[in-house]
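In what follows, a structure is listed as structure tokens, so that the remarks can point back to it.
In order of appearance the chains are A, B, C and D, and numbering begins at 1 in each one.
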Amino acid sequence: MLRRHTHEAVLALVTLLAILVLSLQSDQFLSVANLLNQGRLMTEVALVALVMTFVIASGGIDLSVGSIMGLSAILLGTFWDGFGLPLPLAMLAVLVVGTVCGLFNGIIIVHFGMPPLIATLGTLALYRGLAEGISQARSVRGWPEWFARLGQGDWLGLPVQVWILLAALALAGAILGFTRWGRTVYAIGASETAARFSGLPVDATKLAIYAVSGFASALAALIFVARVSTTRSDMGTGLELDVITAVVLGGTSIFGGRGTILGTALGLILVQVLENGLSLAGVKGDGTIVLIGVVLIATLLVSTLTERRARA
Amino acid sequence: MDIHIPEEARQQPDAAPPVRLGVRGISKSFGPVQALRQVQLDLRAGSIHALMGENGAGKSTLVKILAGMHAPTAGDLLVNGQARRFASPRDATAAGVAVVHQELLLFGELTVAENIFSGHYPRTRFGTVDWSGMRRRARALLAELDCHDIDVDTKVAALSVALRQRVEIARALNQEARVLILDEPTAALAERDADRLLDVVLQLRDRGVAILYVSHRMNEIFRIADEMTVLRDGQYVGTVEARDTDEARLVSMMVGRSIDQVFPKVEAKIGRPVLEVDHLCAGPLVQGASLTVRAGEIVGLAGLVGSGRTELALTLFGITPARSGRIRIDGAEVRITSPRAARDAGIAYVPEDRGHQGLVKSMNIRENISMAVLDRVSPGGMLRRAEEARIARDGFDRLGVRAAGIEQVTGELSGGNQQKVVIAKWLETKPKLLILDEPTRGIDVGAKSEIHRLMGEMAQQGLAILMISSELPEVLAMSDRVLVVAEGRITAELPRAQATPEAVGHAMTRRSDPGTRTGGSQQTGARA
Amino acid sequence: MTDLSQDAAAPRTGPIRRILRDYGHELLVVAAIIALLVVVGAINPRFVSARNMTSVFSGNAYIAVAAIGMTMIIVTRNIDLSVGALIGVLATVSGTLAVSGAPIWVAWVAPILCGALINAVTGLLVAYAGIPSIVVTLGMMAILQGGLISVTGGAWISDLPPEFLLAKMKVMGLPMPLVWAVALTVLAAAWMRLTPYGRSLYLIGGNAEAARAVGIPVRRRIVEVFMIHGAFAGLATLLFATQLQVIQSTTPPNLELLIITAAVIGGVSILGGTGTVIGASLAAVLFAAIGSALIFVNVSAYWLRAFIGVLILVTVLFDVMRRRRETRQKGH
Amino acid sequence: MTQTLTRTLPCLMGSAAILAASFAAPAQAAWTGGDDQPTSPLACDASTVAPDAGSYNGGTVTGAQPSDTLRVVDVPKLVGIGYFNATSAGVAEAAAELDGVEATTDGPAQANIDDQITLIDNYITSGVGGILYAANDPVAIAPVLRKALEAGIHVVGYDSDAEPDARQWFVNPAQFNGVAKTLMDELAQQIGADGSFAIVTSTFTTPNQARWIAEMDAYQAKCYPEMEWLETVEAQEDNILSFNQAMTLINKYGEDMDGLVGMTSVATPAAAEAVTQADLCGEVSVMGLATPNAIRPYIKSGCMEDAVLWNPVDMGYAALHVLKAAVDGTLEPGAAEVEAGRLGTLQIINGSEVLLGAPTVFNAENVDDFDF
């Protein structure tokens, strides 16, 4: 058990250590209000990272998530304000568009055999370009109260999006860990050919993963728009790097075949704890970025070396 | 049992060719695992030395030590009588040792010429890579190997396995090797290509090259080798001269006991037709194939590499769906568009390339065995671990997989045990037809006979088996009926009684014009 | 068996086909640049004026130079996401030295050496610790980016001595960045094509295991390639940071993606083992030409990124289809 | 042959797509300022209308706890550009002057709304007494600022505003229409009332720049109808990009362009550099917003006549003074003016905006008097 989850163990230790040290630096750090608030702030990245775990575990990568988020945000404004659709319908339409964007990634990767890194590098530019082109630099504001609650309100004492996040976390964890689809993802990541020759639905699964990645990005866009109550075409810029950092820090192998939702959750928590805790301890933002870079490399170094020793 | 023949006994006073490479008491351990213990052998100029042993006996480790890729923990390598250390492949090359590795170590995106000279480029007088000289010399080298049909400017990725092998040998020759090591060079070759290769090896021997030849194929060994060294479990068992030994003795040295029957064919009751194929077409290599396989019957599918035999299997299995033609299972027509549809129709396929297609090597035995029946162990999508483990244990026991348990990672298993896991996986789907593609390739003799025994048992239980094999003896010994494939069609059907090597061999080449075939068979010898 | 008539019949690839095959992608980018020049030049002749051509060919020179190193990295089947941040750090190093009164040549050499040194760390982590390069460089990017702002506090460097401003100098009437980019591209291309060392990068990217077997010290070489790439980043910095009289402590957003995109559109395969630096440099010119053309034909810059995206997708799509056909040929 | 063809296709298609789109896409949409607010061009002559103090429309802070030292965090749009280095220097200067005030500057590395919001949120949790901000997006930043007000934290903006009710006061460096008038008048003086000009801005979405351009558009239509507005291009907040874009504009229009206007403190010196390198000093005038240090060489070399900007050091300085006054209760809703240390008394307009004053014009005479 431990041998298979060395990385998660290392990571859990680092996270605990970070929490311990940081709580000594600031009284507010471990307060309930702060922790809940951190949950609110990390929701968008976390939602996308959960799905990215599937993408990377299947041996792929999706760099276009930030751009899909930007495009979705812009389209929400266009559908609602421009076309005059009722807001719930506009939200639904945006989720569909996000899914279609993801599906398009999937199609060029699966059916045209493009390497995922390059395919999504292309769509990263394409979707962002569409967002900029469609928005023509206009923002849409004045969202109704009920919509803003999605990003700013509470429900049963927890921020609304934290509920969504918890549900997504449980769902992703269950699917990757306990279902046929999760097993299929791992098999594809470890050896796509062998998975195909075992009669597993390789193409359909990959298409679905990229489509869900697009869906998650669109959902994150809805929550983000609700949180900041405006739409901008530059929303989600650089999101892909934050997401990949969390997933890789969480122990998902960039070559596929390995990774857990638990690891990704720990990775997300560690990054958030560092950002928040260091800020509360009076470290400036740029110092925090450096430290996250160091932690990323150091954690992977430790777990690679530990594993290598365990194997020797 | 020590069959080591004393040095002096073999020495014929004036004819003894010099020892080019001497291996003296070589041991190698990886952590606590002792991979090689006290191995010794002599490679002499103008002589072929066969290295034999079951999988895991340490052959590849020895080859890697001689290639400079591993450093031995103890022992000496003598090059022309002087002790040398090979700290890197470069040292081995400098000492005149060249290796043709089992998994062809080539650069697919680079041209044939560059592959031959990779790492040892010819230089111009300015010290830069001499491209035109390189192309010229590459052509000359290939001509020496009787290989006139390769354009030295094509990418290696576009060549067939047989031609790639030729490129590897040309690379070894270019280094003016005095010692040439060939690690299972014919494992991936059809009979005919293997023959051509053996001719090349003999030619090199006549030029005075000392050759170490690693192979499982007894007939090849006895055809070319002057002496043989056998390893077992990393131990040096002994060295014998070819003329003093026979197959049975060699096998007993390898497995440590005597084996009476390598191919224990059991008779099974042959029932109604399970698979009926009518004018199947797909891609360039399946051109209107028709065949029938009955319950309890083992049908051998023979043909040259590139004849379309694997492609036929891939079409039946839905990897490359049929363009036209009909497939009936148990009399009912089925459309097979994917491996999943094939599985649902009752077709199972144990593929040719075990490491890539058969297994997910980083996953354990349980996960591999359940892979083809995942939907059955996950009603509603949720995996039932207990059910999965039960199924895996069943298959594990039934096939007699030798491993620490069902949680062992399959990449750590020997070839024979890996193959058993793949077969167990497909038997779990309760197939009506089992297609076995090269079921014993690269598997040691012990495991080979076990697989053959299993095939017999499965046939007895009423399974229809279609077996593809490049080893004619295997096809002839195991099949109730032999079908010969050439150019995508079934060109001959021979009942067991009539299936002689001559008849099958003749049918394999019958359709094509022999004159163009000599060159052309190479070009088409590709895997899709 | 040996038969001379057969030997004569051995298939050969003629020199023209060989050039088309080896440099097809590069010729293609040239064709695209020429097509763009002709069409936009017809719409607005000022587009092909000497002055605008100078801007087009030298404006993205630093991207071309950085893309040379990136091409080498990608050829060995690695990637570097930290190069944009690295260029920012090196610019500050160079500029600080230039205003500190150190000899100008020190300010010029320092970024090249620092680039190599910083990337040596990356290379060591990739080659010896076995962490995938995409992860190491993601971390390095954060460290360099955050570190730079921590140290400088975001201050600009101004009052640069005029003799430091390399990019403003001219050689025989040609702008220095253009001369450098051409010279470095030709040198690097010749090096990668004509030296065994250069070829070894293709061997490593094509099949690392096989490269080891033919005697190439793969790990050491990967560290070296990262260092060479760092030195090219240093050279790119010199062209980048000396165009104006001030040095900003941030680099253009997504600079690393632009450099990777140039390498990819230039024909280097992300799967390793193919591609030349000439293509990468030409792609950088193509970007500059497109950026300029958009202004000349009055296309809203809003759509620029969408075009680049389509360009990447279409280029790679055709590359993938070509490869497929080549591999299928063997089964004809 | 087919092989070469398929290789040629992608790039040709790429070029074709660009050309096709060139006919489909309009060069630029009408200027709206990005927020669809109406423009209010000033009168063409020098007559000024006294700005209206209006009634207070800012937010209110609730539950503020008085404490001995006031901890203030200053969150600019981004760190790493000269302009905001100057504002934070002003904040530091005021902090040194005022008793019991500690101020730090911390901002995102890129002008990213999410990073800025997260940063402010963390400072709310850590319990600062006051927040100074320059918003990357007026609407996006509002919720977190409202949260700060509710947590008893005093909030004052500068440079770029948020929605009025999300902060108490805003230090307005200069009114949008005032900046537009100064820029256009200076430009007209240099290139004539029938000259042609182009603009280099950061992005079309950046709020201040978008509003200035909208006001300039309106003012030009009203007062200089003969002037020709050639086009506007984006160049981020990036030196090199600004330089390249300016160069391309020069190449495109040649002698048909009389003036180049930089809308950011980054774009203006880059445009001056482009004109210098193109040897067009005196033929193409460069104007715009810029810090004196960045444009000093060009003014000295005679390639640039003048540039417009308020003093960002003063702006940061004033912002902290206003915050301190709000904390101390000396500045209350409805006030018409506020004391700001060495700057003296500043006027309050539009309900809750503190007007820094008219923009300064830097030229050869006064450029050496400033250092920021």
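Observations on the model:
The rule is simple: a residue touches a chain if its C-beta (ideal position, glycine included) is under 8 Å from a C-beta of that chain, and two chains touch if they have at least 3 such contacts.
All figures in this text were calculated on a predicted structure; none of them were measured in a lab.
Common neighbours of chain C and chain D, listed by label, are A. Two chain pairs are in question, A-D and B-C; the one with more C-beta pairs in contact is B-C.
Centre-to-centre spacing of chain A and chain C amounts to 30 Å, using the average Cα coordinate of each chain. Each chain gets one centre point, the mean of its Cα atoms, and the points for chain B and chain C are 43 Å apart.
One inter-chain figure worth recording: chain B and chain D are separated by 72 Å, centre to centre, where each centre is the mean of the chain's CA atoms.
Across the assembly, chain D contributes 25, 79, 109-110, 204 as residues in contact with two or more other chains.
Those residues of chain A in touch with two or more other chains are numbered 133, 136-137, 237, 284-286, 289. Here, these are the chain pairs in contact: A-B, A-C, A-D, B-C, C-D.
On the chain A side of its complex with chain D, the touching residues are 26, 28, 31, 33-34, 37, 41, 44, 133, 135-139, 141, 148, 152, 224, 227-230, 232-235, 237-238, 275-276, 279-280, 282, 284-286, 289. The touching residues of chain C, counted against chain A in their complex, run 79, 81, 125, 129-132, 134-136, 138-150, 253, 257, 260-261, 264, 270-271, 300, 302-310, 312-313, 316-317, 320-321, 324. Put simply, chain B touches chain A in their complex at residues 30-31, 317, 319, 338-340, 342-343, 349, 351, 356-363, 367, 371-372, 374-375, 378, 381-383, 425, 429. Contact residues on chain C toward chain B in their complex (touch as defined above): 1-3, 6-7, 9-13, 18, 21, 190, 193-196, 199-200, 202-203, 206-207, 209-217, 269, 273-274, 326-327, 329-332. By the touch criterion given at the top, residues 178-184, 186-187, 190-191, 193-201, 257-258, 312 of chain A touch chain B in their complex.
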